[in-house]
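Heads up, the next two complexes both have chain A, just with different partners, chain B and then chain C.
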Partner chain A sequence: MVRFLRHYGTLIGMAAIVLVFWALLPDTFMTARNWLNITQQVSMLTVVAVAMTVVMVVGDFDLSVGSMASLSGIVAAVLFTMGWPVPVAVGAALVVGLAGGLVNGVLVSVIGILPFVATLATLTMYSGAAFILSGGKTIFGRDIPQSFADFAKSGLPLGSLGDKPVVLPWLTLLALAITGAVFVVLELSTYGRRLYAIGGNAEAARLAGVRVTWLRLTAYGFTGVGAAVAGLMYASRVASANPTQGEGLMLNAIAAVFLGMTVTRHGQPRVLASVLGVLVLGVMDNGLTQLQVDSYVREVLVGLIILLAVSISALGRKAIGRW
Partner chain B sequence: MTYSITRRGLGRALVLAAGFAALGAGAALAAGEKIAVITPYLSQPGTQFYVEAFEARAKELGWEVNVIDTQGDVAAVISRIEDVVAQGVNGIVINVDPSQIGAGLDAAAAANIPVVGMDAGADARIKANVTSNGYEMAAETSVYIANRIGGAGGVVMFTFDAFPPVQVRGVIADAVFKNFPDIKVLDRITPDVSDGGIADSRAKMEALLAANPEPGSIKAVWAAWDQPALGALQAIEAAGRQNEGIVITGIDANPQARDAIAAGGNFEASVAQDFKGIGATAADTMARVLGGEVLKANVIYVPTQLVTSVNAK
Partner chain C sequence: MPQLSLHGVVKTYGQTRALDGAGLDLRGGEIHALMGENGAGKSTLIRILAGLELPDAGQITFDGAAVCLTSPAAAEGLGLRFLHQELQIVPALSVAENMHLAHPYPSFGFGLVDWRALHAVTLAALDRLGVTHIDPTATMADLGPGDQMLTRIAATLIDTQGPRPWAYVLDEPTAALTGPEAERLFTALHTLRAAGHAILYVSHRMDEVLALSDRVTVLRDGRHVSTLMRDQVSRNQIIQDMTGRDFATLYPPANGEVGGAPLLDVRGLQSGLLRDIDFTLHAGEVLGLAGLSGSGRNHLLRALMGAVPRQGQVLVKGHGFGQSPAAAWAAGLAYVPRERRAEGLMLHQPLADTVALPHIPALSTAGFVRRLWITRLVARLAQAVRLKAQNQAQVAAELSGGNQQKVLFARALAGPPVVLLLDEPTRGVDVGAKFDIYATIRGLTAQGVGVVMVSSDLPELIGLSDRIGILQGGRLTQIIPAEGLTEGALLALCYEKEVA
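Our next item is the complex of A and B:
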């Protein structure tokens, strides 16, 4: 029973949440359109959480993803204002993300600073850089090319439901593609298995010939690029760039990965589990908004659910340990 | 005769009955309307005032109001608009720049749910934006200065043309000062606002004071918002020139500005937006839209008030 709860408690909880919303919102919650909305709403968080999973597999984490997301949006927007073509500006923002991630990697892996300290420092640095580049202003309106803003508003036509067309949003597709790519990297490649080996026991991995320093460093590269992609998605969705707009992503991404860890065997971070965690957060936001629950109460509830899930998982592990 | 009276009586009764039925239907329609107020800025003082006033008016109208605060997250505003559209609310009120939430406005438009702006900015997909008239506010303070200095003397302007709502204020002040042949605009300064605007305005004002050492060479400072006015005040006091009669005005009447005005120094006037009026008018505007009225003007201005030492506290 305890084992069962430990493995499936969170999953049962998630199913219960969905069922409750379905029962309370019979007409509007369990609809294709609403679920497409949810996938689009959580697309940015998905990308950050999936990228965050890579460093968490190694046993590290990255606090700078939120400010990197802001910075990448600002970099692209500032380049737009200078007349750079969209693909080039977007590419430049991704390069900034990769560079920022690798800086984190060097600080943590090569120099040996604790991830909390190193990425806390780069969090403020990247945020400061975003403020410097933008002059503290929101870049919006005609400065943002239409094609860039349209990306987040359109998608792949799926046909029509009733009289309205149904589209699979590009943001959702992009999040799916990135999830797939990271899944391949972590679950199906030697590289991924080595990362898990480092996360399990770095010293043992090193003795087994795994290049721990180098691999930890590269893991941060994924997180940096992921954060940059999410920042660009955000900028496209709001057709503007603001030096603080990625801030909310970091804590939610970590929360999603932790939520996901409660359903995996051995409590390891896993890509698909992280996506499940993201979906829980997204479904809570969507359902509670539709139920007109006060937005502050909503935050308390989301925190409680995370605690509940992790507690069940922890108690389950303790009980198993006792046997 | 009797017959006709009866007929008329019958007719009147019918009209009355129809009227009551219509009233009843109207009440049923109005009561229980679900309105979502979605804002990223609820923690800001101005926003709180108008959201509270909106809720108070909505209560009188019998509406069910759901206030959603996304805590600075503009993308979440889009997400929450999509959610309340799925929920099927009757109306949505926003107070964020419409150009940043186009996807959400599209979703509301596709579902024929009206959107009203509270100090939001104009957009074709918004039925009406309820706000203060920036032109009017600038006219109040620039004319105040022109009258106070007798239509003659050097004036320093602090403007910020990069931000459209502030840019319109500068346009009006330019026009007013130009209309007085003896008023000379000594400088039109755009302060660096990354530190909040006070410190850099103070530095710029100190430089101008140094460049114009003669008492009376600067008659007034017109600022497009309160922060530069406060910075200029600090510079004038630090330079020991507070007794030259330099008149300073700001706009917005924030608490710091009100304190300075109430103290009776050089900072003499600012303009207060009626945040409560904006909230109540936004509710009334939504009621008109829900009642089927097609609004001609998509910007609705709520009167502002000049704040001087008389009414600053």
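Our next item is the complex of A and C:
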């Protein structure tokens, strides 16, 4: 029973949450439109959580993803105001993400600072940089090119339901594409297998010929780029950039990975499991919002769900240890 | 003087009989040395004394009355105190605070520490041990391992309500100590003996044992072999008691012809305490490395793998290679590390992943892992090493020690290797798995693979090696043929320098 709950508790919980909302919101919850909406709502979080999974596979984590998301949005928006073309500005923001990630990687892997300390420091640095660049203000209006803002508003037409067209948002597709790419890298590539080996036992991996220092460093690079992509997605969605836009992404992303780890066989971080974690958080948020539950109450409930899932997993592991 | 006696102690773990009639007696005012090879049962006997294990049979008496050591608290109640190699200290706290970890701090009341009294109590306890050079306010981390050990002993001499210490058990206390540090420890032990305490001293170091102890008990294969007074004891007698069994049949016969092409050439290697290491390993040869702990045996293998920095020349089939484990594996070296859990296995990942890890370049195309190739390879290797696992996805943590070791052997075989580096290949492995591992090693050398093996199990080393190199204090002092070598002779060679 304990073993069963440990592996399937989170999945059962997810199903239960869906059923509860379906019962309480019979007209609006279980509709294609709402689910498409949820996927769009969670697309940014998905990208950050998937990127976070990469460093967590190695056994590290990155607290700076939220402020990196803010910074990348600001970098792109500032470049827009200077008249840079959209692709170049977006590219520059991604380069900033890569550089910020590699800085984290050097601090953790080469210099040897604990991930918690190193990325806590860069969290405030990247956030500060976003404020400096933006002058502390939100950048919006005519400064944001139409083509950039339109990306988040449109999608792939799927046909129509009644008189309204149904579209699969580009944001959702982008999140899916990135999830797929990271899945391939982590699960199928030699790079990913080595990352898992480092996470399993760094010293053993080193003695088996894995270049631990270099790979840990590059994993942070991936996570930095992922955070930057999420920041750009957010900026596109709200057609503006603000130096605090990434707040909350980091904690939710780590929560999503942890939720995902409760369903994997040996408690490892895995991409698809992280996406499941994101969906749990997204569905909770969507349903509770529709039920007009106060947002502070919502936060308490989400925290409780995370604790519940992780507790069952931890207890289950203890019980298995005893057998 | 009080006396604690253990007699006819039997302890079985699963299929293995760790103790089979072991015993010794501790008397107040006496230093008693306990000796035996690895696996002779010393640790198990100590664990029983400490109340960590219950014996299956045997009597334990204190001053003639039967006692039960059912828990660590019971052992403490009898006045037994244990000092392990790895001391339990808090490096960031002061000496005085470390010495009070198990005692209440002197206090002004309301939980306020009386620092002056704390330091006075600490000084008094150190003084009782005859130790005057340690400052109670010093930070523990700044003390050498010898002084740290002295503070741990002194801590037991602090006056408290609890049971007073009567006997001390020291397990390889000098393993990490320098000469002068060890001397200070011996002085302290003499002080304790003069105060009527009993001391059980477990050590591999013959010279220490002969200089320090009043009596020596030798265990072999879990049995009590002899207990001799100091004036009856000689080095040769102890070695004979520790060994002296017929082990010729245990090991598969050597392949005979050795002396093929040179596979591994080491010239002037320096690393850590290793100095001027020269040797050549030939195809099909097993070179055993013997030496006391701290002689640099294990470090030599790590240096060859590039896991620690090295200077000097290392050639595999005449070619040099870079200084990293990756380069070493690529050059054809394969390594089975000493600590399989810490240095070898991804304990919570599928065993196939651990086996494939160093060979990923050969098991992938264009950056993508070829699952099928891995599955086939692991299936073949699992059969070759007689691995017993449910399937390839089973995690190493669920396997027995012997099968965990076979996973690492499968990994080492996958290359296939040119030279195999084995560090304590059968440590903590059951007898059945040992045979499988010996057979695997023989099979490899028959195919022309060279093996460099470090083992504290001397019969194993003699039984498997073609030649044996003796390491002493970081130098390879001699390389001799293993054939005809007795365990006693080899042990004497390892100790030789200490005598001179």
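Just so it is clear, the second predicted complex is superposed on the first by the 323 of 323 C-alpha atoms of A that agree within 3 Å, B and C clash if a C-alpha of one lies under 4 Å from a C-alpha of the other, contacts with A are read in each partner's own complex, and residues count from 1 in each chain.
Just so we're on the same page, a residue touches a chain if its C-beta (ideal position, glycine included) is under 8 Å from a C-beta of that chain, and two chains touch if they have at least 3 such contacts.
None of these values were measured; they are calculated from a predicted model.
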Problem set entry | Fit-or-clash call for chain B and chain C when the two complexes are aligned on chain A | fit
Problem set entry | Touching partner for A:268 - first (chain B), second (chain C), both, neither | second
Exercise. Which of the two partners, first being chain B and second being chain C, lies in contact with A:194: first, second, both, or neither?
Worked result: second
Exercise. Does chain B (first) or chain C (second) touch A:285, or do both, or does neither?
Worked result: first
For this session: Considering only touches as defined above, state whether A:205 meets chain B (first), chain C (second), both or neither.
Result: second
Exercise. How many degrees apart are chain B and chain C as seen from chain A, counting from C-alpha centres and rounding to the nearest 10?
Worked result: 140
For this session: State whether chain B or chain C is in contact with more residues of chain A in the superposed arrangement.
Result: B
Exercise. Is A:44 contacted by the first partner chain B, the second partner chain C, both or neither?
Worked result: first
Seminar exercise, completed: In the overlay, chain B and chain C get no closer at Cα level (Å) than 38
Exercise. What residues on chain A does chain C touch that chain B touches too?
Worked result: none
For this session: Can you check the complex and tell me which residues of chain C touch chain A?
Result: 305, 307, 324-330, 335, 337, 342-349, 353-354, 356-358, 360-361, 364, 367-369, 395, 411
Exercise. Mind pulling up the chain A residues that touch chain C in the complex?
Worked result: 188-191, 193-194, 196-197, 200-201, 203-211, 266-268
Seminar exercise, completed: Residue positions on chain A within touch of chain B in the complex are 25, 27-29, 31, 33-34, 37, 40-41, 44, 131, 135-138, 140-141, 149, 152-153, 164, 234, 237-240, 242, 244-245, 247-248, 285-286, 289-290, 292, 294-296
For this session: Would you mind writing out the residues of chain B in touch with chain A in their complex?
Result: 34, 64, 66-76, 78-80, 82-84, 86-88, 97, 99-103, 106, 110, 162, 193-194
